[in-house]
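Got some structures for you, see below.
Shared between the two complexes below is chain A, which pairs with chain B and chain C, respectively.
Then we have the complex of A and B:
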C-alpha cells in the first residue's frame, strides 16, 4: 500500500498533465490550473523538508564528532539568528487589529525580511561572504590554468586554441591585441585589405569568438540538448508507468 | 631556471591576479567595445517597445555572482525608465529578495521612477515551476501581494497586468539554468518573449536558443553589460568591470602561453 498509492498517484497526475498539454478543452484547462495551484501550495513544504534535513545532518555531525563538527554550531547560530529576525513579521491585517499606537510603532520598525537588522546582516555578512567565495575562483583558475592547461595531445591543443580565442574575443583588449599582431604579420595585402581599403582582419578576435559560439558551440550544445531531452522523455515515461521507482526511496 | 618557472609558487600567481584586478579598478581605462549581435538584438527589442509596455525582470542569481548581473539590471532598467516602460521585478531565488529590492529602489531613485506606477517588486515564492506556470494564468494567484505586502489590486501598475499576455518581455538575469526553465515553460506554453542576461560561464548554453529565436536577445556577462551601457551611451559598472576583467584575462592567457612554451622546451630537452 505504501508503494501502490504513490505509484497510482504518479500515473494519474502524469497522464493528466500530459493530456492537459495537448487538449485546449475547458475541463483540461481547469484541471491544469487546479494542479498548478496545488503545486504552489505544496512547494513551500520542500523548504520545510530542507530545513529539517539541515538540522538532522548537523545534529548528527555534532553528536558523532565528525570532522569539523564545530562549524555545525555556526550553521545553527546563523540559522537561528536569521530566522528569529525574519520570522517576527507582523502582517498588515494583524497591525489593523492592534491598538493604533502599538501598530504604528510596529509598522515603523519594519519587522520581517525588511527589518533593518535582517537587512544589515544580509548586506554585511551573507553578500560579502558569498561574493568572496566566488571571487576566490579567479585566483584558483589562474593558478590551475598555468599548471594544467598544456597542449599534450591533439584534443588538448584544439581546446587550448579555442579557449584562447574565446577569451581574447570576450574582452575589448582582445581586438587591440589581435589588430596589433595582424599588423606585425607579413600577410599579403590582397588577403588583408578589402576593396574599400579597410582591413578584413580588423577586430578578428570578437568575430572569431562569435563564430566559435555560433557554429561549433551551438551544434554541440544542440546535440546535448536533444540527447538530454530524449533521456528525460524516456525517464518520465518509465516513472509514469511505474517502471522506474527509485524516487520512492529504498529498494524494490 | 625552466624547472623553477614551471613550479612557480602559486602565491606569485595570486599576487599577479590581485594586481591586475586592483590597478585597473583604481585607474580606470577606457577600452573600445564592439557590440555583439545578441546584445544589439535585446537593445533593439526594448527600444522598439511603446511607452507603457511592461517588462518583467527575474533576478535569478545569488549574492555570489551579483557582480555580473547587477550592471545588466541597471542598464536595462535605466533604458526602460527613460522610455516609459514599466518594470515588474521578481525572483526565483530566496537569497536574492533583499538584494533585488534594494537594487530596484536604487536604480528607480536615480531615474525618478515611482514605485507602483513605473515599477514594482513582487518578491519571491517557493517552487520554480508552479511559479512560472502559475503566472501564465494569473500573476495574482502566485503573488497576491508585492514585497511590501501591498495587495496587487491596490498597485496602479498591476491594474492592467493579469498574466504573461500583458508582459512584452521577460529578462532573466541568471547565474544558473533558470533561463532554460523560463524558455521551456513560459515561452513554449505561453509564448512569452524571453531574453537573458547571464554570467559568462553559461553563455555557451544559450546560443542554441538564440539561433531558434526562443531568446530575443542576450547580454553575455560583463561584456553584455558593457555593450548595453555603450548602446545607452552611459558607461557604468559593466564597463569598469569589463576593463578590470580584460587585464585578468590577458594575464591568464599570458600565463598559459608561457606555461606551454616552457612545457615544450622541457619536453624537447628530455627527448
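Then we have the complex of A and C:
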C-alpha cells in the first residue's frame, strides 16, 4: 500500500499532464495550473527541513571541531543577520489593515527587503561574491582548454585545429591575419569569388568560424538533443508505468 | 455684411462636402466574404473573423471591426488595424482578425469596415481640373476625409473550447508510436530474453571509482546539479545515486551528497537509506552525509569546491542538470586528483565536462544509466525501444534529405507543420 498509492498517483497525474499538452480546453489548462500550484505548496515545507539540516551540519562541525570549523560561525552569523533583517518585513496588505499611525511609522522604518541594511548587505556581500565565483570561470576555462587541446591523439589534434580557427574568428585582428595568410595560397578563383562578385576569403576567419558553428557544431548538438529528448520520453514512460521507481526510495 | 458672411460659410461647407465626396479617385470597396467562426484549437476564448484581402492599390488604409453580443447593438471593438499586419501568413489573399475579448457563453456577430483616406498622388493634369484643384486645396489645410465602407453582417457565432488540439495530431501519433515501441520492448524483455546493450565506459567506471575510494579510505562526493525534483535529469541522477549507494554500503565507503534543492534533499535521503537497507547495512547509513547547502548557484559551487579542497574525495560524481557552475566544480575536482564521472543533458555544459572529467555520460547515456547499472530486463527493454525511436528518426532524416535532392519536400513540410 505504501508503494501502490504513490505509483497509482504517479500514473494518474503523469497521463493527465501528458493529456494537458495536447488539449487547449480551459478545464485542461485549469488542471495543469492547479497541479503546478500543488508542487509549489510542497516547497516551503521541504525548505524548513533543509534549513534544519543546514543548522545540524554546522552545529556538529563546531561541536566536533572539524577542519575549518570556525567558518561555520560565519554561516550562522550570516543566516541570523539576514533573517533578522528580512523577517520583519511587513507586506502591504498587512500595512493597510494596521492603524494609520502604526503603518506610517512602519513604512518610515523601511523594514524587510526594502531595509537599507538588507539591500546594502545583498549588494555588497552577496552580489560581489557571486561575481567573483563567476569570474573564476575564465581561469578554469583556460586551464581546461590547455589540457583539452594537447595534441596527443588524432581527435585531440583535430579539436586543436578547429579551436584555433574558431578563436581566430572571434578576435578582431583575426580577419586581418587570415586575409594576409590566405593571400599567399594559390586558391582557384572560381572558388574564391562568390556569385555577387565579392571574395569568399574577405573576413574569412569570421566566415570560417561561423561555418564551423553553424554546420558541424549544430549537427552534433542536434544529435545530442534528439538523443536526450528520446531519453526523456523513455524515462518518463518508465516512471509513469511504475517500472522506474527508485525515486520512491528503493527498487521495489 | 453678416448675411454675406453666412452665405460664404454655407458655400464653403458645400464646396468641402463636394470635395470630400469627389475626392476619391479610385472606387472604394467593401470587405467581402466576411466569415466569423470559433477559433480552432483554443480554450474557447476567441473568435476569428476572416475576409478577402482588399488590394493595397484600392487606397485602403485600415480596417475597423464592430461586434454585437446576442443580437444586440454593434459596437466598435478595434480600429486603425493595419491591413498588412493581419494578412493570413499561409493565404495572403485572406485577412484575419482574432477577437480575444469575447463574452464567454454569448454569441457574437461582426461587421468589418474598410477605411479609405484621400491621400492618393495627383498628376499635373489632374491638378489643373476643378476637383483636383479643390483636393489639393483641402490637403493644404490638412483636411483628410475618411470613408468607412461596411461589410455585410456575419452569422452569430459562439466560442467553445476544444478537447484536442488537431494541429498536434502528428506529434501525438509520433508519441504514441514511440511509446508503443518502448512498451512493446518492455513487455518482451519480461520473458527474460537477453538484450544487447553497448558498453558505456562512464558507467563501467562507476565500480572502479567506488573501489578506488574504498582502497584509499576516502569519501565519494555525489553532486546532483541544480535541477529540482521535477527535472528528468535529476530523477535520472537520483536513480544512479541509488545504485552507487548500494555499492558504497557494501564497501562501507563514506558517501557525501550536498543538495541544492530542499525537496531533492528529502527524496535523496529516503533513497539512500533504502539502498543501505536493501543491502543489509542500515547501520552504515549516516543521514548527516546528505545535507542541504544552498539554493544559490554560485554559493552552491563554492560550497562544493570547498568540500573538495578540504575532504579530498577520491571519486566525484557530477550527475544531473548543470549550468555555468559545471566547470568550476569539475576543474576543482580535477585539481585534487579525484576520479570524476560526469553526466548531463545540458549540451552546453558537456564540453566542459569532457575536458575536465575522466568519464562523461553524454545526454541520453544519463537516462540509460539506471538500466545499465541495475541490468533489470524491463529497464533494458525500454532502452531497446528508445533505440527503435532513434532509428526511425535517423531513417526520416536520411529519407527527407534524399527526397529534397529530387525536389520532393513532403517530409520537410510535415515536420515543419508539426513544429
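One rule holds for everything that comes next: the second predicted complex is superposed on the first by the 172 of 252 C-alpha atoms of A that agree within 3 Å, B and C clash if a C-alpha of one lies under 4 Å from a C-alpha of the other, contacts with A are read in each partner's own complex, and residues count from 1 in each chain.
Simple rule for what comes next: a residue touches a chain if its C-beta (ideal position, glycine included) is under 8 Å from a C-beta of that chain, and two chains touch if they have at least 3 such contacts.
Being a predicted model, the structure only gives us computed values, none of them experimental.
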Message = I'd like to know which partner A:43 touches here: chain B for first, chain C for second, both or neither.
response = both
Task = Report for A:168: first if it touches chain B alone, second if chain C alone, otherwise both or neither.
result = first
Key: Partner chain(s) touched by A:3 [first = chain B, second = chain C, both, neither]   = neither
Request  = Based on the superposed arrangement, let me know which partner A:143 touches: chain B (first), chain C (second), both, or neither?
outcome  = both
Message = By the touch definition at the top of the document, which applies to A:225: first (chain B), second (chain C), both, or neither?
response = both
Ask   = Does the superposition put A:63 against chain B (first), chain C (second), both, or neither?
value = neither
Ask   = Looking at the overlay, does A:243 come into contact with chain B only (first), chain C only (second), both, or neither?
value = second
Ask   = Now for A:214: first (chain B), second (chain C), both, or neither, which partner does it touch?
value = first
Inquiry  = Quick check for you: in the superposed arrangement, does A:51 touch first (chain B), second (chain C), both or neither?
reply    = second
Note = After superposition on chain A, the chain A residues reached by both chain B and chain C are 21, 39, 42-43, 46-47, 126, 130, 133-134, 141, 143, 145, 147, 221, 225
Ask   = Which residues, counting only chain C, touch chain A once they are in their complex?
value = 41-45, 161-165, 168, 171-172, 175, 178-179, 182-183, 186, 229-230, 232, 235-236, 238-239, 242, 259, 262-263, 265-267, 270-271, 273-275, 277-278, 288, 291-293, 296-299, 301-302, 310, 324-325, 327-328, 330-331, 334, 345, 347, 350, 352, 354-356, 362-364, 366-368, 370, 374, 378-379, 382-383, 385-386, 389-390, 393
Remark   = Listed in rising order, chain B residues that touch chain A in their complex are 8, 10, 13-14, 16-18, 21, 31-34, 36-37, 62-67, 94-95, 97-99, 101-102, 125-127, 129-131, 133-134, 137, 141-142, 148-149, 189, 200, 203-205, 207-208, 211, 220-221, 223, 226, 242-243, 245-253, 255-260, 263-264
Key: Footprint of chain B on chain A - complex, ascending   = 21, 33, 36-37, 39-40, 42-44, 46-47, 91-92, 113-114, 118-119, 122-123, 126-127, 130-131, 133-134, 138-139, 141-143, 145-147, 149-151, 160, 164, 167-168, 170-177, 203, 206, 210, 213-214, 217-218, 221-222, 225
Request  = Enumerate the contact residues on chain A facing chain C in the complex.
outcome  = 18, 21-29, 39, 42-43, 46-47, 49-51, 53-54, 56-57, 60, 67-68, 126, 129-130, 133-134, 136-137, 140-141, 143-145, 147-148, 221, 224-228, 230-239, 241, 243-244, 246-251
